[in-house]
Amino acid sequence: MVPTSYYLVLSAILFGLGVVGFVFKRNVITIFMAIELMLNAVNLAFVAFSQSFGKLDGQVFVLFVIVVAAAEAAVGLGIIILIARQRQSLNVERVDLLKL
Amino acid sequence: MSPQLIIFFLLAALAVAGALSLILARHPIRSALSLIVVMVALAGLYLLLGAEFVAAVQIIVYAGAIMVLFIFVIMLLNAGEEERTNLSRIATMAGLPLAVALGGFIAAAIARAPLLPPSSAAAPFGAASTKSLATLLFRDFVFPFELTSFLILVAILGALVLAQRES
Amino acid sequence: MTLAGGHLLTILIFLPAMGALALLFLRGDDHEWIRRLALIVSLVEFLFSLWLVAAVPIGSAGYHLQEFHPWIASPPIHYHLGVDGISLFLVILTTFLTTVSILASWKSIHLRVKGFFAMLLLLETGVVGVFLSLDLFLFFLFWEVMLLPMYFLIGIWGHERRIYAALKFVLYTMAGSILMLVGIVWLYTISGTFDLPMLQNMLQTGFLALSPRAELILFLAFFLAFAIKVPLFPLHTWLPDAHVEAPTAGSILLAGVLLKMGTYGMIRFCLPLFPNASRRAAPFVAVLAIIGIIYGALVALVQPNLKKLVAYSSVSHLGFVVLGIFAFHTISMQGAVFQMLAHGVSTGALFLLVGMLYDRRHTFDISEFGGLATPMPRLAAFFLFVVLSSLGLPMLNGFVGEFLILLGTFQVHANWAAWAALGVILSACYLLWSYQRVFFGEAANEKNKAQPDLSPREKWILVTIAFVTLWMGVGSADFTRRFAASCDAVLSQMRRPQAYEAISIRPVNPAHTPESPAPHPSAISTPTERPAR
Amino acid sequence: MLILTHLWIIPLLPLLGAAANGLFGARWKNSVINSVALGSTGLSFLAVLELLREFLELRPEQLPLPAQKYFTWITAGSFRAGFDLQVDQLTVVMLLVVTGVGFLIHVYSTGYMVQEGGYYRFFSYLNLFMFFMLVLVLAANYTLLFVGWEGVGLSSYLLIGFYFLKRSASDAGKKAFIVNRIGDFGFMLGMFLLFRTFGTLDFAPLFARAAPLPPDSFGQFGTLTVACLLLFMGAIGKSAQLPLYVWLPDAMEGPTPVSALIHAATMVTAGVYVVARSHILFIHALTAMLVVAVVGCATAFYAATIGLVQNDIKKVLAYSTVSQLGYMFLACGVGAFSAGIFHLMTHSFFKALLFLAAGSVIHSLGGEQDIRRMGGLARKIRWTWLTMLAATLAIAGAPGFSGFFSKDAILFAAVGGEHAGPWLYAFGLLTALLTSFYMFRVIFLTFHGKPRFDEKHVHVHESPKSMLVPLAILAVLSLAGGWMAAPSFWGGSDHFARFLEPVFRHTGAPEAASGAATEAAGRTLELQLAGVAVFTALLGFFVAWWFYIRRPEKPKRLAESLRGVYTTLLNKYYVDELYAAVIVRPLVWISTTVLWQRVDDRGIDGAVNGVADGATALGDRFRRVQSGNTRSYAVWVVIGALLVLFVIFWPLLGPALGLVHRTL
Amino acid sequence: MFPPRTDLLRVLPELIFCAGGTLLMLLQPFLRNRHALSFLALLSSAAATASAAFYFSPLYPGTAFNGLLRADGFSFFFHVLIGLVVFLVLLASASYLDRERLAPAEFYALILFAAAGMGVLASAQELLTAFIGLELSSISSYVLAGYRRESPRSGEAAMKYFLLGSFATAFFLYGIALVYGATRTTFLPQMAASDGSSTLVKLGLALILIGLAFKVSAAPFQVWTPDVYEGAPTPVTALFSAGPKAAAFALLLRIFSTAPADSYIWFWIFWILAALTMFTGNLGALVQSSVKRMLAYSSIAHAGYILVAICTFAFRDSDELNRSMGLAAVLYYLVAYALMKLGAFTVVSHLGGVGEKNLSLDDYAGLGRRQPFAAAALSLFLLSLLGLPATAGFFGKFYIFKAALHSHLVWLAVLMAVNSIIGAYYYLRLIVVMYMREPRPDAAPATFSFAVSLVLTITALGTVYFGLFPNSIISFASQPGLLGR
């Protein structure tokens, strides 16, 4: 048996890498991917807990999260397309009309 | 070391490597592919945890549908290599250490946290689990489930509104 | 409670607001009727306020004509009004000066006339409300609401740097008052009520006792707001700017009434509610007041701008009032109240006259004037009259207040009075010097030679003011009699059962020389020779 | 008992006159103004005469009369100031002087001022002055006395600045008021202290409570000493003593009748009156008495030295007034209050006369005031010359003239009085010498010798009757006025001292308290002293005669040989300059540069605006966070997350914050 | 398995919102008449608001859907508030959409869906359900922010909102996961019994807090707010400032009133967040030259004030009275704040002109004379935001002061007072510009449609009414057990 805490630490590491990715990446799409990575990390935690407790609700949550991620992806990519059309660039640092 | 543990470590390593690759890759396509690797690794872990249904959904919906959407958009926009600008002073100077610190903090806290004892009923879920999953989803959580339908409606609507060409 | 169906105070507060509302229905370019309506409203208001005199019997310290209606359930806030000897005359002063300032603006306001008079009337509502509220919350409400019309009066109808001055005025005042709000709410959380009489009662009976620290902080929260309003040195710098930039009517009301709200607040709230803290703070407050007296006078002395000069003189004069209050002596307290009224009339009149000069010459610069006594002897005469009342000539109103303040203060703190009395010398210096520069000598500037003397309207305003000035100076007892009991009540509320014994307090009883040690006790050596009171 | 029971009539009449002339005079003819002004003062004078008659008829047990309380003017707590009038012997004397001399000067003014603009204004002010002066002497408490005290100051201000187009006149008026205010500062504090000590400011109870107290011994600064010194500070201001005398010479900017009435005969003596009125307090304060005497004596001498070299006829008289007031204080200081008051009265006669005569001279020369441009006027304006000579003799102390008796009494008191001292006498005597000299200098330069004015252009003419009649009356008073007080050994009846005795009986003044044995010795001494005084006066006369008639070139040479002394005296010891340099200018400089510009503008306002600017600058920094770059924002979110986690998980933080909370 | 009637009744507002949105989508191709669409949207929002009245029927209060939701006074309050906000926003946006030539149907539908999400947030008793509600409102918001597609600013706002919002959502979600792991449940009532000092609970709640702090724009999570508020179409900004924020606060209150939180520490977090937020918002607003952006900063500041009240919730000595006072203060403030912010943004949106060009302070010069009613209304809202007595904003501050001082949070109250002064400066500056400066010669008057005037009238009257008679709200908000555990 793999201890639950292993899964949790892995999930934390993935979550942290997502944060790092968000901060580090410049391309809007990859930044969004970093968010997806974070959501995946959460899913892992849910499933791990679910298994540990012997309750299925954790898995239900994962399904919800995946749906939400899908919805976010649709809207997010729509926004990215909009941005790309307006700026001809996907670099998030170049999108800074609104500031100060 | 039990085989499960070995598989766990392999998959974990794969997932972390995928995540690192996602971060380090310059081309978005590579990042996307790396993310798919992560997802697949996670699907493997789900199997290891006995959550077959989730693992399947992970592969089909996540890796299959969502990531395809990503790649589609990358292609559509013809996104090239990432431009590593450093226009944000604070992100350049402190971004990485702080993000690492945050992740490390969370990981360390979790690693040191005493966990609740595993439930005595913590039997592997088995095949019956998908059915009970359905019961849970359509009875106990029917409200959020229905709500997600509107969420998807909104997503469609949003994508439509945002991405449609100027009339 | 038969006066005006028992709602006289409500009428007094809201009549001007109704007037302002009625003004909105007049055509904007019908200046004549706008002025007339405003004047009529203010006159009616003035007459109503005179009615109050009948309601406050001589020698009675309590609140009269009280109106008490629940307003807000949680926290319990009441629409609680009442008038006593102290607020009585302040209300009358307000209504009087509002009428005066409406008349003063008769010809000098051409832009947005309707708004101007509406603002004046709204201001009156706010100020009268402040003086008549017996609920801390209600008081605060009027206190803040009053800011707005003044803000607009300065900001829209003021002179060149009006925006700066208006903002400064409001921000300064708000800085203090928001802390007062914190204080009020805190006091509520301790006591469970906003009702002033109830609070006084609770403190008197010892039902409510504040810890020394809490009392001091609360005192400071209230005091700061009032001190800014007064203004007490070193919080005064908004005043010169506000005065210089305000239109004449604004200056009259600002100096005449608004500043009094600060000192009124000290008497009404700081002393009765926080007596021990007041005593602890008194030496510091007195020092600031004395600095203000001397400092204000010295700075006034060298002002090249006539209006600024009068503004600084207000700093000096109000320093007397604060000193009188914080001497905790019945004579000085009554003197302080009287000085509030006297200063209101005389400084209001000074600003009125300065405004008249401005109407003619469009400047406040003293060096631009000179020799004006020749073309306008009447104005010069009235100006001199007002100057004399302001510098405290006996038989005019300014003297009585200053004299009583100093006399009372001397009974308990001879050195305070001695320092403060320097202000009496200095006020003569700056007033006479400026008067000389404005009115005496040959008219060197061509523009000064052919200025018209007083118009009948101006003359009658001034005659009225002169009459009041003289009356207050000669018949001051008519006034002090009516608020003496209230002043004593304030002081007696300070002598309640001690919550703590940290500070020993000198008895504030006058004339009992043995208790209040004279600086040279050798003069009276044997107890048998103590003079009777 | 018409007037005795209705004292208010006396001051009210002039007040009505002032009000009528002030409000409506602008539209009236001069004759109407005259009748109002003269009528009111004249009636007032008549009322005083009636008062005198009624007063003398009183039986001794009816005295002292209680104060008449008309209405309460100020009341607060235990303090009450009423409009209370009282009359006693001292008041009667003062009333007579004020209304009598005042009336005469009113009469004189109708002639003197006839050419001037603002005629109505002048008389209005003059009547106003009468009102306040009468209030001052009739007042039954210090507060009301202070009303008169300040009121006469106001009238003085208005009248000095009567020619307000002239800068110097308005300056002088302002100066007079302000310097007086400095004195009033002390006076007010004195009142406060008295109230604190005795619980009242009404004369009768206050003095009754003070009388039985043991006096402060010498050098002891008890309450009474301090109170007396403070009151005396007021007297110094009002009566132009060192160091506050500076306003009086400048006050000569006013019309000459004003100088005569206010700045010679009446107002300036108010200080003496107050000291005399408060004598019960003063005799309880030996130190204060000494101060009074020394200040009086020093002023007398000091002002006389300046008077020696002044060239403006009115200035000479002004310094002479200062000097003579010093005499009066000297008298009071040595305990001879009645002598002081006596001198006050005689001085008011002859000094008013001197001023009026000088006014007549000026009038006749068309406004010339410099005695260097006069001379030889004796023939041309004979009446003026005669009357002025009479006054000069009086002030110089020629035997038989009024000044002789009063000055003699003072000098005698300075030697033999209770608090006497040889130095006081010596300087008093020296002053008498100087007085005699400078007064005759004026007489000689003005009326004798060759005319030094341009006779072609200046048409010298005698003044009209309205001016000469008052001169004549005053001359008679200067001549005869002294006899009513002449001590018995001069053949007089000593009426004056006897009359005042009830007032001053506490003082133990030599006139009243000398026993039979000492009386004989006192007479011898007094005779000797009188001899010395007459000799001094003669000496002064001869020196003046020598300098200005016999050897007119001498003074110039003397001035050259003693240039330093001369210029110092001519420039009045540079006191005005000193005050300007030490007080006025530093004050203005400090107010402008330090207080206004530094403290107010830069300090306080700078701090206020600095806080506002600081907030704006801080806001500007805060908005930098909002760089527009999403990555930065992400970092901020991370920072926030770390902050939250840090607060929660740092084990020491919780207790530490708890500690902070407790201490706050 | 059809849910029982009571369950449906208890989510009736959400159902109506969603139905309205769906209907709009369906009818959109067939209805050419914009007015009809507007009417439909308004009708559904009004009906949803009205349906909240069912909370007073005898069937209530109670839980629905197996305890996922809870219909009680608290959720009633928020449903009415959100319903009104949405109604007013819809009312005000019709003419805006006309002017900017934007498609109305999708806009309305998105707003209605967002409203449904907010409604769920207000009554959720289970974290996952809350999460879905949050996402429903957030995703709609992302789209709405970018609704002016041709404007780069709008797109940028959408992008920033989306990226950062999702980022924060991830934290929120991770927090849920950890709490679930620590307590074996995501149901708030069941969670309460758990050990609050366990690391996982603390960590999970901290992450949840981070997510919600982002939504209520508490500093330092406020970074997105100015940009998004400025870039979004102004009616949407109005919605953002009033709706989702209120809903997020509702959730925050739900969670932290029931969660097994060691309040001693949470108190300090809220303390720090409140102080930081107030200062950031006010100091930032101080230096703005765009009115819209200034108002954005000012909403940050106001979130700070609300956080002050929330502090009393977590105060270590908190008793029932403290909590109920704090809760009442928060609720009242949200109403007042919604009224004045809606009003202010509505004025701004209609003075902006085509393409929202006229947003700078200079464009407001002399407004008092050009458009006296708009200026008067805006002044009223500004004064209310400033906290002048006799306006709703004043009582808002007053109740917060009261709650704070009752919990002895003297220094926080003083900080809030200081902030009020800073705030006064920039609000007054705008008034100065409107009344005391000369108008620009080329300034064109904006016309206000009937609907917009109605919105302004309602908000203005509400601001004054609740400024004089706060009783109704306060007595409702301070009833005991409003937010039952």
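Chains here go by letter, A, B, C, D and E, matching the order in which they are written, and residues are numbered from 1 within each.
By definition in this document, a contact is a pair of C-beta atoms (placed from the backbone, for glycine too) under 8 Å apart; a residue touches a chain by one contact, two chains touch by 3 or more.
All values derive from a computational prediction rather than experimental measurement.
Engineer: If you take the chains that touch chain A and keep only those that also touch chain E, what is left?
Structural biologist: Correct list: B, D.
Engineer: Averaging the CA atoms per chain, pick out the one whose centre lands closest to the mean of every protein CA shown.
Structural biologist: Closest chain centre to the overall C-alpha centroid: C.
Engineer: Most contacts: which chain pair?
Structural biologist: A-B
Engineer: When the C-alpha atoms of chain B and chain E are each averaged to a single point, how far apart are the two points in Å?
Structural biologist: So the centroids are 31 Å from each other.
Engineer: Counting only Cα atoms for the centres, state how far chain A is from chain C in Å.
Structural biologist: Here the centre of chain C sits 66 Å away from the centre of chain A.
Engineer: Please work out the Cα centroid separation of chain B and chain C, and write it as a whole number of Å.
Structural biologist: Inter-chain centre distance comes to 71 Å.
Engineer: Please report how many Å separate the Cα centroid of chain C from that of chain D, as a whole number.
Structural biologist: Each chain's C-alpha centroid was found; their separation is 35 Å.
Engineer: Name the residues of chain E that each touch 2 or more other chains.
Structural biologist: 128, 132, 135, 139, 142-143, 146, 149, 158-160, 163, 167, 174, 178, 181, 184, 199, 203, 207, 226-227, 410, 425 - these are the residues of chain E that touch more than one other chain.
Engineer: So which stretches of chain D touch two or more other chains?
Structural biologist: 612, 623, 626-632, 634-636, 638-639, 641, 645, 649
Engineer: In chain C, what residues contact two or more other chains?
Structural biologist: As it turns out, chain C has residues touching two or more other chains at 171.
Engineer: Quick one: which chain pairs are touching?
Structural biologist: Per the contact definition above, the touching pairs are A-B, A-D, A-E, B-D, B-E, C-D, C-E, D-E.
Engineer: Can you list the chain E residues touching chain C in their complex?
Structural biologist: 328, 383, 387-390, 394, 397-398, 401-402, 405-406, 410, 413-414, 417, 420-421, 424-425, 428-429, 432, 435-437, 469-471, 474-475, 478
Engineer: Please name which positions on chain C make contact with chain D in the complex.
Structural biologist: 168, 171-172, 234, 236-237, 295, 298-299, 301-303, 329-331, 334-335, 338, 371, 373-374, 388, 393-395, 399-400, 403-404, 406-408, 410-411, 414, 417-418, 421-422, 424-425, 428-429, 432-433, 436, 439-442, 474-477, 480-481, 484, 488, 510-511, 513, 516, 518-525, 529, 531-533
Engineer: Going by the contact rule at the top, pick out the chain E residues touching chain A in the complex.
Structural biologist: 128, 131-132, 135, 139, 142-143, 146, 149, 152-153, 155-160, 162-163, 166-167, 170, 173-174, 176-178, 180-181, 184, 186, 226-228, 230-231
Engineer: Under the definition above, what is the set of chain C residues touching chain E in their complex?
Structural biologist: Chain C reaches chain E through residues 71-75, 140-142, 144-145, 147-148, 151-152, 155-156, 162-163, 166-167, 170-171, 174-175, 178-179, 181-182, 185-186, 188-189, 217.
Engineer: Which residues, counting only chain E, touch chain D once they are in their complex?
Structural biologist: 159-160, 163-164, 167-168, 171, 199, 202-203, 206-207, 209-210, 213-214, 219-221, 223-224, 226-227, 264-265, 268-269, 272, 279-280, 282-288, 410-411, 422, 425
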